[in-house]
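So, here's a batch of structures to check.
What follows is a pair of complexes built around chain A, which joins chain B in one and chain C in the other.
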Partner chain A sequence: MGRRTTFARLAKIEGLPIAAVLATMYLVFMITAPNVFTGHRIYMSFLQTIPPMLVLGLGLTFVITAGEIDLSFSAVVAFSGFMYAWSYRTFDEPWIGFVLALAAGALVGYINGVLVAKIGVPSIMATLAAQFFWSGLTVLLAGGASWNIKGIQDEFIHTLFVGRIFGSIPAQAVWALALTVFCWFLLNRHRFGEEVMFVGDNPNVARVMGINVERTKIKLFVLNGVLAGFAAVLLTTEMNTFWTTQGEGYLLPVMAAVFIGGSSIAGGEGFVVGTFFGAYIIGSLEAGVVATGIGGYWTELVSGLVMGASVVLNIVIGDGRLAAASRRVRHWMVPERDDGG
Partner chain B sequence: MAEREPELRFPIDVPAELGTVDPDDPSGGYALRMVGIEKYFGLVCALRDIDFEVGRNEIVGLIGDNGAGKSTLVKVLTGVFPPTRGTLSIAGRDVDFHGYNVKRAHSYGIETVYQDKSLGEKQDLWRNFFIGREITGRFGFINVKKEKKIANQIMVETIGFRGEGITVESKVSDLSGGERQGVAIGRAMHFDAELIILDEPTVALSLKEVSKVLNFVHKIKEAGKASVYISHDIQDVYEISDRFVIMDRGEIVASIAKADISLRALSDFLLEYAHGLKDRER
Partner chain C sequence: MKRSLRLIAVLAAMALIVAACGSDDDSDDGAAVDVGEEITVYMQMGGNQGDPSTLARTNGAKAAAEALNVKLIEQYSGWDPQVMVEQFKEAVAANPDGIVIMGHPGEDAFASLVEDAEADGIVITSGNNPLPNLAAQFQADGFGYAGADLYAGGYLTGQAMVASGLQAGDKAVVYDIWHNESRSVSSQGVFDALEAAGLVVEKLDVSDEVDSEASLAIPILTGYLEANPDTKAIGTQHGNVTANLPGVLEAAGKAPGDVIVGGIDLSPATIEGIEEGYISVSFDQVLYLQGFLPVLQVALTSRYLIPGLNINTGVGTVTPDNISEIAPLIEDGIR
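Moving on, here comes the complex of A and B:
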């Protein structure tokens, strides 16, 4: 009995169940592909490839929490990446590119926000249109070509964002982790995050409690755009190259990461820690399945299984079924508790 | 009852005696006073020449059919939209409708408890107490410890939740309908509301839950605050109110003190009034 209570309480800790899924997954890979997953190199490679996805997931977590959706962030990865590469080649100064990349993300987000909040376009439509528009604009501006920016390897920005700490740990992993911590505080401990949760929960309640629902939504999309711009910087700097379709592969995996993390499409609650582990699950699956040797054709199927299982797990926990059971157990054990208050 | 009839057929617009009127008080003893309030939506008149007062420690039952103008009146009061003309003063302070909104109404001590849109269901109780009025430090970060502590105080001292398995970390969705209204009323009282507007707070609640809500309303009275209680249920309104204000088609048609009328007479009056109107139409 006591064990069950403890279990239910543990399940309530944000992200812990999903961290357990990730740990189990690595454990399974260690058994099925020991030569790959018992060495440190595969993990270093994850720390190099997953951060842009994680940063995108953080922004999307806020949007999902507010009960909205954003399909345009993958276009921002391309558009901001273009701005970054273009201004580096034009001005030979990466920081201008950095600022422009974030500003481009903010602009896309602001337009999305205005369409959704002020004009009332459902976010799935507004951001789908934005996805096509900004991708298309990027292709036009870049002339459909990939741009090599090899020179950036010698710049400080390269060391800062994607250098190797102690010669092995990719800096982008640390940046993404720091952003995760920041976003957790922003969502769970800041006035803005609370407004986002109430807007997603019930905009009418938010409004009668004096929250400016429209402004909150615009801020939300701007935040998502800026984070996507930063993801673009991480990706483009790491690859030393900009290419017009560099965002395309991110759309569905990032959404999967957010949903695996437990944030609900219904809005009202979002889990930054869940998104963190969700991104690592999604980002590790393919390599794991391939290394297992059952063949690349299995990757998607296994991804679907893991994702489905995680979402079911989250719903069972989130529904309070475990918590309700544990409360009943506690009630049997300590019925006098009612007097204490 | 028959001898009361003439008085009821030609109801008085003068407010009945108020709980505590202090002549030196600049507010004149009113928590709220509306004079000549009119509201037009385009050419449609939603409120016509409304004079409406609520005493400092008075509970006013606002009665009227759907479309009588009750919710329009409440929305003018709470700053959702301004009236076309007329004046409003809250606790003796004249309200400038320019820039009057929900936040301003809060700062003037007007709080509203709605049937179903007072609380965020998926959120922790402590967040619901402070939403829109968070206790924040620098950079807008919430002082969670302090908010939880005060929320707990409100729950135990103001609302009187004890045990029942409810803590400040419970989700609103774990609460019964009556408990939710208790939280909303407790929140309003904590923020030192002078006047709490209860807009159909008992709709869709079981009898047991309704009695819980009425208990919370009694606490408003005990705390020396005022309230406007809007409901379709004459029985609830009668039990809880000091005075009844009856609205019809955008006008206030009667104001009757509880002492002057029995529950039977009140419901008879409402029925007769409806019939009387029909006659007038013919």
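Moving on, here comes the complex of A and C:
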């Protein structure tokens, strides 16, 4: 007992195993596609496109930690994006749109929370229905149209959220990083995060401990909605365009990012740092595979393989099984002295 | 010549409708136009509500429905062939007057279903992706086609890309849904046109995630361009990917014109890309007509027993030279 290796201790640092997976993946891409992954452009494009996915993943991490699921966040990206673009076109003032986008996300989250916590609808059903409803409402309100809001490029909000720091680093990456830090503190150092984990672990025990389970669930769905609203602002501002189906393609990649990051689908355990690296793995994977020259119909197959390997590696390293295996191998090669007696 | 005859046939059919409408002009109220009793038409729109490759088709169908006293039931499948077949079955179960189908599932998938529906007296016609054998079999019963000749349209796009400054030996990539043959017919045309001009062309597959959220294409194509810096042209016939190509080129540090881009459809972002010079040519399949004409076809067959008309809506491209004239119509969802 107590003879834990340095490796095992490192593996226990939150997010380190999945960070190692990401680093390994980039290393492999550097070898297989050196002219792409040793330059800065590919990383800048990741920093441009991954942040909305990451922000969505942060919100979903809280929901999954609480033992629930939210399938409506992609619809919030469309609905909040609509509010943002519509108000900009109507009032020519992006900040009203910004507030409305976050408020729209909060509204969707609040309704989800009430349905799940107060009425007792299973979250998978409540949020699936919400996904259809808010997507449908967005299409209805927009009249099915896509809108170009290129005038927003001249506004301060564009510079603030998606401008290029030092001329090349997308600002949205910094926002997403800042939100990751904030969410980590919220989940791991704040009473709210503690409540979320207790609720996810066992809601009955949480109730006995004096936690208001219903209120906690509503809060976390609202948080998820607000973050999805912010992701919509980042995406719409970056693309200078609103389209009614925006966000649709994020559903599976975002869920994959959260689960690759190590958060447990059973609840009670959530890893914000894991989600951060998971988002970068998922968001970089296909581009990396393509850059290596594996073309044609191989891309998805290889992507799936790497994704699966990432999850397995993360679990193996995270659980310390790799360290145990390495100790066993060392023991076979150099038998440890029996100090007993 | 053949095209002209088809056009004349359509115009004649339209004139027939206008004549039918004209008989009601003398009525005092002047409100509803009497084109006959209301008929119900189920129509497959292709993608999702409001997406750039679907909106103008929906608008065209709605306009025709309003003008021709048609109750239009829209069906959206996200371009999923399996969903299209299921929607067709649902439509048949409702026993409407007509059904407009997309050809993507293919003739084998549709053959027996269409035969049964035709036997029940439902007028079937097709759009966007042709079903030539079924059209030949049931043309007398109103089975027509309104859509681009996708391969020819793609070929046209490829030729326009070459005309924009490509040369034999240049390297090009065609990025599309190659894993779904029915959705890459047009891109095969682009591919063949570029290859026929002597270019070295590679196929790159669009994943399902990119198909749904095209902004995810940005790092993928950036990586491709970095790995293949000598790429002189990008072709795609995916409407949403086309809309994101200016972002790709910006992320890859390319100036307008550095890479010749050929795409499809005319979403607001694509228009901006054409105006800025990032997109050299976009294939215009006139989606509005792909919505309007099938509804017209069902009305013509139901009321006047007019056989199926085969109309090619895709005969043009939009370039920086003609975008300013077309842009206002696109804003209105007509082009």
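Basically, the second predicted complex is superposed on the first by the 308 of 341 C-alpha atoms of A that agree within 3 Å, B and C clash if a C-alpha of one lies under 4 Å from a C-alpha of the other, contacts with A are read in each partner's own complex, and residues count from 1 in each chain.
One rule holds for everything that comes next: contacts are C-beta pairs under 8 Å (C-beta built on N, C-alpha and C of every residue); 3 or more make two chains touch, one makes a residue touch a chain.
Small disclaimer: the values here were computed from a predicted structure and weren't measured.
Trainee: State whether A:G210 touches chain B only (first), chain C only (second), both chains, or neither.
Mentor: Once the two structures are laid over each other on A, A:G210 reaches chain B alone.
Trainee: Contacts for A:E269 in the overlay, against chain B (first) and chain C (second): which applies, first, second, both or neither?
Mentor: A:E269: touches chain B, not chain C.
Trainee: Specify the partner with more touching residues on chain A, choosing between chain B and chain C.
Mentor: Greater contact footprint in residues on chain A: C.
Trainee: Who does A:F185 touch here: chain B (first), chain C (second), both, or neither?
Mentor: first
Trainee: With the two complexes superposed on chain A, say which partner A:L60 touches: chain B (first), chain C (second), both, or neither.
Mentor: neither
Trainee: So, A:E194: does it touch chain B (first), chain C (second), both, or neither?
Mentor: Only chain B; A:E194 stays clear of chain C.
Trainee: Is A:I157 in contact with chain B, with chain C, with both, or with neither (first, second, both, neither)?
Mentor: Neither partner.
Trainee: After overlaying the two complexes on chain A, where does the chain B footprint on chain A coincide with the chain C footprint?
Mentor: In chain A, no position sits in both the chain B and chain C interfaces.
Trainee: Under the definition above, what is the set of chain C residues touching chain A in their complex?
Mentor: By the definition above, chain C touches chain A via 47-52, 54-55, 58-59, 178-179, 202-205, 207-216, 218-220, 222-224, 226-227, 229, 240, 243-244, 247, 251-253, 267-269, 271-272, 333.
Trainee: What does chain B use to touch chain A in their complex?
Mentor: The touching residues are 101-103, 106, 112, 114, 117-123, 127, 131-134, 136, 139-142, 144, 156, 161-165, 171, 174.
Trainee: Could you please specify the touching residues of chain A with respect to chain B in the complex?
Mentor: Those in contact with chain B are residues 185, 189-192, 194-195, 197-198, 201-202, 204-211, 268-269, 320, 327, 331, 337-341.
Trainee: Can you tell me which positions in chain A touch chain C when the two form their complex?
Mentor: It comes out as residues 33, 35-36, 39, 41-42, 44-46, 48-50, 136, 139, 142-148, 150, 235, 238-241, 243-250, 252-253, 283-284, 286-288, 290-293, 295-297, 299-300, 303.
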